[in-house]
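I've put the structures underneath this note.
There are two complexes below, and they share chain A, which is joined by chain B in the first and by chain C in the second.
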Partner chain A sequence: MSVLLRRNSSQLRLMLSSGGQVTRLSSSDGASTAEPPSAVKKPTQAKKPNTPPIVPDTDIKKSVFISQSSDVFTNLALEDWLYKNFDFSHHHVLLLWANDPCVVIGRHQNPFTEANVSRLVERGITLARRNSGGGAVYHDLGNLNCTFFAPRERYDRKYNLNIVTRALFREWAINAEINERDDIVVRNKKISGTAAKLGHPNCYHHCTILASANKLHLGESLAREPANYISRATASVPSPIRNLVDVNKSVNVAQLRSAVGYEYLRTAATALEDGGRTQMMKQRGFQLINPTEKWFPGIEELRANYSSWDWVIGKTPKFTVEKDLDVKGDDQGMKLKLSVEVEAGLMKEIGIQLPQSEQVVPVVTPLQGKPYNEENLNGIIGALKLVNASNVKQAMNGSV
Partner chain B sequence: MVFITKLARVGVQAARQLRATPLPAVQGRSFHLTCLLAKERRYTVKHEWVEVEEGNKAVVGISSYAQEALGDVVFAQLPEPGTTLKQNDECGALESVKAASEVYSPVSGKVTEKNGQVEDSPALVNSSCYEKGWLFKVDLKNPKELDNLMTEEQYKSFLSSSTDH
Partner chain C sequence: MTTKMAINAKDIFRNQHRLIRFIEQSIRLCSNQSLKAAQHQREQKASADFQITAQVDAQYTSAPEPIKHDQNVGHQFRASQLSVRLAAPEQLQMKPDSDEDLGFGRLFTDHMLKIYYHRNLGGWQRPEITPLENLVMHPAAKVLHYAVELFEGMKAYRGVDGKIRIFRPDMNMNRMNLAAQRSGLPTFEGKEFVQCLSRLLSIDSEWVPHTDTASLYIRPTLIGIDPTLGVASSDSALLYTILSPVGSYFKTGSSGAVSLLADPSYVRAWPGGVGNRKMGSNYAPTINVQKEAAAKGLQQVLWLYGEEHQLTEVGTMNIFMFYVNDQGEQELITPPLSGLILPGITRDSILRMTRQWGKFKVTEGNITMPQVCELLNQGRLLELFGAGTACVVSPVNRINYLGQDLYIPTMEQEKPVHELIRETLTDIQYGKVDHPWSVVID
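This part shows the complex of A and B:
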């Protein structure tokens, strides 16, 4: 892997020298240099050998990577590639990216409780599952995503969020606050949501910034389908949102990208200290990233995984859907409760239950074992509507 | 108080194991020794712990420091029984407020059981990380791996010297 890494960093170097922005590439090429010359490591303490060394801020360079892709799966793959392969010990990275319309759910979420999945398909909005925790968000090109990469021991959400709020203030004099859920709010409405993935040796924290997203699509996409879902999956906390363009008309994604990028570069590596232009000139600057297999060997495979059914739907934590049904009877109708148990995205157990009874009668259908979606659920409901109440009673008695 | 519960736990464990294997006296004594050794919890730098229950069977969880750093755990993704793990493999994740933290296996072996209770109520990892909040059990492939992990004492000094938040 380190070979790949070196290859990649040399490509980045090439790109850098052609970009002309920045300076000093020699000192902190993670793959090639081992340790900073004056690492402040105390030999007396009984540390394990793999304890990360303490690196002073002055030995840490920063880069802003700007993804040239607007495909959510490619961008998630790029983020994952950097997380898995990059050495951030002397080089912190902020990745900026924006996607075509999509809904991105958290790693342990249920897409059916978070989004209107069938509506997404109709509207051509992609559904994606990311690798970090947290809740569901809607992206389009009016939304900027920021991923802050660092070694695990330098994970600092507050630092990152402050970079964003400072940028908003410096560029447009927008007063933004960080609330107790680590959302960024402007006048009590959310403009940014946060999530993180913590591993070893790396971690990342990413957040969205709503500049001029389509609020109608956002609202419609994140409304759930009507049914009763019983699930242990992480639930989103819905919040009222605001676009920055409604706070200040001159906000746009391009300018936001450069505002956040510059703020990141002019701030010290771990301390929230503004170093102004001097600090900025010490950094590696902005780099345009083309997330292709040639630059990032293995990224295609990561992308294939992110876009697969097995990941997006198959990773859904086990859940049960319940739906009340009216069934025609001889003299009067009858209320039944249909319950469908879904494991790994597939309908495992399908059963019906009478209102006064605890007993569940299994329903035999060819849809068993098929993927759960609204269409298949309606297929079962349609078939059950043809059944009349006396059949159900008979079936119940028969199975006691 | 802590001391008393610890003693009691060792006692219970010894009794359980003795019942399972009624051995002659001489062997019994040596067994007693291994039992005490086995009782010891070992830690990794990534804040997982592993404890040998008996023979090759071990339990894995995360340390109190780790659960505190995570905050309220809201979702636990655990390895399926039957999974073969190498030491340091990613084998699951714990989600707290908006952050998914990878769980790394402290040892190599085959997963024999996952803690369904933790899947149902992930808060157990916070309230009882060494008891009810264990994550999974493994059949150790190479028990020698444990020798390279930190003892309770080493882990404590590691925490006091570490910059890891």
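This part shows the complex of A and C:
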């Protein structure tokens, strides 16, 4: 049984109206752009056939999907599956999910500047790369992720964030505000970060909510290996964060799930108007979602991609890492600088920058072409430290 | 042309079907290549003939007769009065990982539809959708004593475009109301009920997987809950519906065909009884017989009736036989609705569809076991299969009758009619073809 990802009816609608051919698809992105959270720009719409007819608010029904899985790759795959296959024209969905401890970086980020990848592996914390832009975050079961799905023309980030702040107020009387970077803050500390993916015909906006995350692990996980990184990848903007449980002791993820879900259901579809019980009764309610191949054919393939080395590490933009290296000598030591150029996650050029010179001498090592990580970097440094300073001077004098 | 030649020509013309069949059979005995050619030719012929048409010919379809409500039924419910109480996240049930642990009817969805009837409150009350919860009733409730109960079985399918469809729901509604009339239960407006059902399905739609072969089983039930022991009409009743995700109905045995126990000492229905109504009381007495069949290594029970050992039903399905009749033509036959037979909706769909095809004769007539044995001996029995909502068609390959095992060549046919029927019906049900029988509920 071939179970390719189907085109949903709204995609078919767009294709047919633009005179395109309807073929079976395997991935749907038209002009998908990852919007960095800091910029408040209108994304350019690459191709716009006919605008779909406006669906009145009363015809839009809402669902809250709660993922049964706590595996970050499975949940990312589920998010992707819904984005590519679901028809949201009459059905808006809020997906609520929580992950086992992991670090999630943005689509265009460099994991090595955001965290110490080797140490994450050591401590059993998964590293994942999501499909939307933005910065690095630490997830554990004390952090709730909310993904708001809608058709492209109904993307409204302010609406989504307000649902969260209203839910916090209604449930615990917590006063939360939305700052200019679209973070949700409580008493000047961040409790949520936001990222989005805008494509055709669907889009999603997801954000985190820190309820009772392990702050110690969070701090330790998002600390990178000390070195000089020259990288053009999107850098995270560190901000002081706070757990909601520090503000109100009774906050917990299960209750938060309920609160945000109910707030989403009781609010009108495109206007921030509370409809109370009558509005809620007209919706489709809560549903548990089991993200397996049986329920969502094609999801295993998506998961395999998210968990692959090629995606998590391999998609890292080219960068160079420089680390100081002290070489001992008979009389005095030498300060060298190790320089590693990493492309697509592999160490392309490994060299030593000699003192008082711009020249970088390539180092011959079997590690060339191998995957980069902090352990390998320190390994090279360790090996080079054994070199005697006088040998280096000799080599230098010979070459100069 | 001489007279003799003319007579011969006429003979040939009259018997051309037999001649064609003879030649085809001979081709079958020859080399592989010609065998393939014959198959190919037959397939082409078959596929061209059995084309699914979007319209159903008017003469082959007719809406079921509208139900006449009893005058003291009182007020009817309307779908516009529907109130909804959504399940909270803590009340939701986990969805299973795979089909292996699913079985049939073991797992239910998160919500249910409930509509009460109280004659003392004017009739049918407002329908409501609530989280799936237990029913509370008085110990004297009629359903518990006199089986004042009737039910329906239908399915919701997720079509190839992702939309959910139900198959000919008006037929189920009609059948339900006829059964209600017989049990002293109040009748209701089928159209309104189907609308309430659609709302329930849209709320629990994520219980239907997003594959193109999944379905959700719908079980509407009507029970009499009057808390008095008199054997009389119920003044109070409850019409409710629960939904169950289903994997495959039968545990896959040998190639999906089933073996039957045909024991004439057990009678499922009798003239003047309620064999033609879907009432719970018809099924309780069959459980022990099914156990006996299982003990003998057989999967279902073939229900026989009368001295001639008429075949009536297979397990909980209608029975069809495809054979070569006395005139040498292929014929599809099923027992008529004489009162002993449940008027199955799959049965009705098969009859209408095959009559429209016009490829072979379609009859509603009695089949007896002696007839089956005789046809089997002469090699004229081609296929025997059951038909029902749960599995569409269920081919039969063996019947244990009076201590003897009869082997039916249902699975040995080249292009089995039951396969064709199954494909056509599922294509309609899953929306691969646009057809008025398949109603989109979203």
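Annotations for the structure displayed:
Rule of thumb we're sticking to: the second predicted complex is superposed on the first by the 335 of 400 C-alpha atoms of A that agree within 3 Å, B and C clash if a C-alpha of one lies under 4 Å from a C-alpha of the other, contacts with A are read in each partner's own complex, and residues count from 1 in each chain.
Heads up, the rule we're going with is that a residue touches a chain if its C-beta (ideal position, glycine included) is under 8 Å from a C-beta of that chain, and two chains touch if they have at least 3 such contacts.
In this text the structure is predicted, and so the values were computed from the model without any measurement.
The superposed arrangement places chain B and chain C next to each other on chain A without a clash.
Of the two partner chains, neither chain B nor chain C is touched by A:Gln356. In the superposed model, A:Asp182 makes contact with chain B only, not with chain C.
Of the two partner chains placed around the shared chain by superposition, chain C is the only one that A:Asn290 touches, whereas chain B remains out of contact.
Contacts of A:Ser250 after superposition: neither chain B nor chain C is touched. For the pair chain B and chain C, the model built by superposing on chain A gives 22 Å as the shortest CA-CA distance.
Residue overlap on chain A between its contacts with chain B in one complex and with chain C in the other: absent. Here chain C touches chain A in the complex through residues 83-90, 92-99, 110-111, 160-163, 202-207, 209-213, 442, going by the rule given at the top. Interface residues of chain B, counted against chain A in their complex, comprise 45-46, 74-75, 77, 90, 93, 95-102, 104, 119-120, 150, 154, 157-158, 161-165.
Only residues 42, 45-48, 50-52, 54, 106-108, 131-135, 152-153, 155-156, 181-182, 194-200, 232-234, 317 of chain A touch chain B when the two sit together in their complex. Listed in rising order, the residues of chain A touching chain C in the complex are 1, 3, 6, 8-9, 12, 61, 63-66, 68, 85-87, 90, 254, 257-258, 261, 265, 280-290, 292, 294-297.
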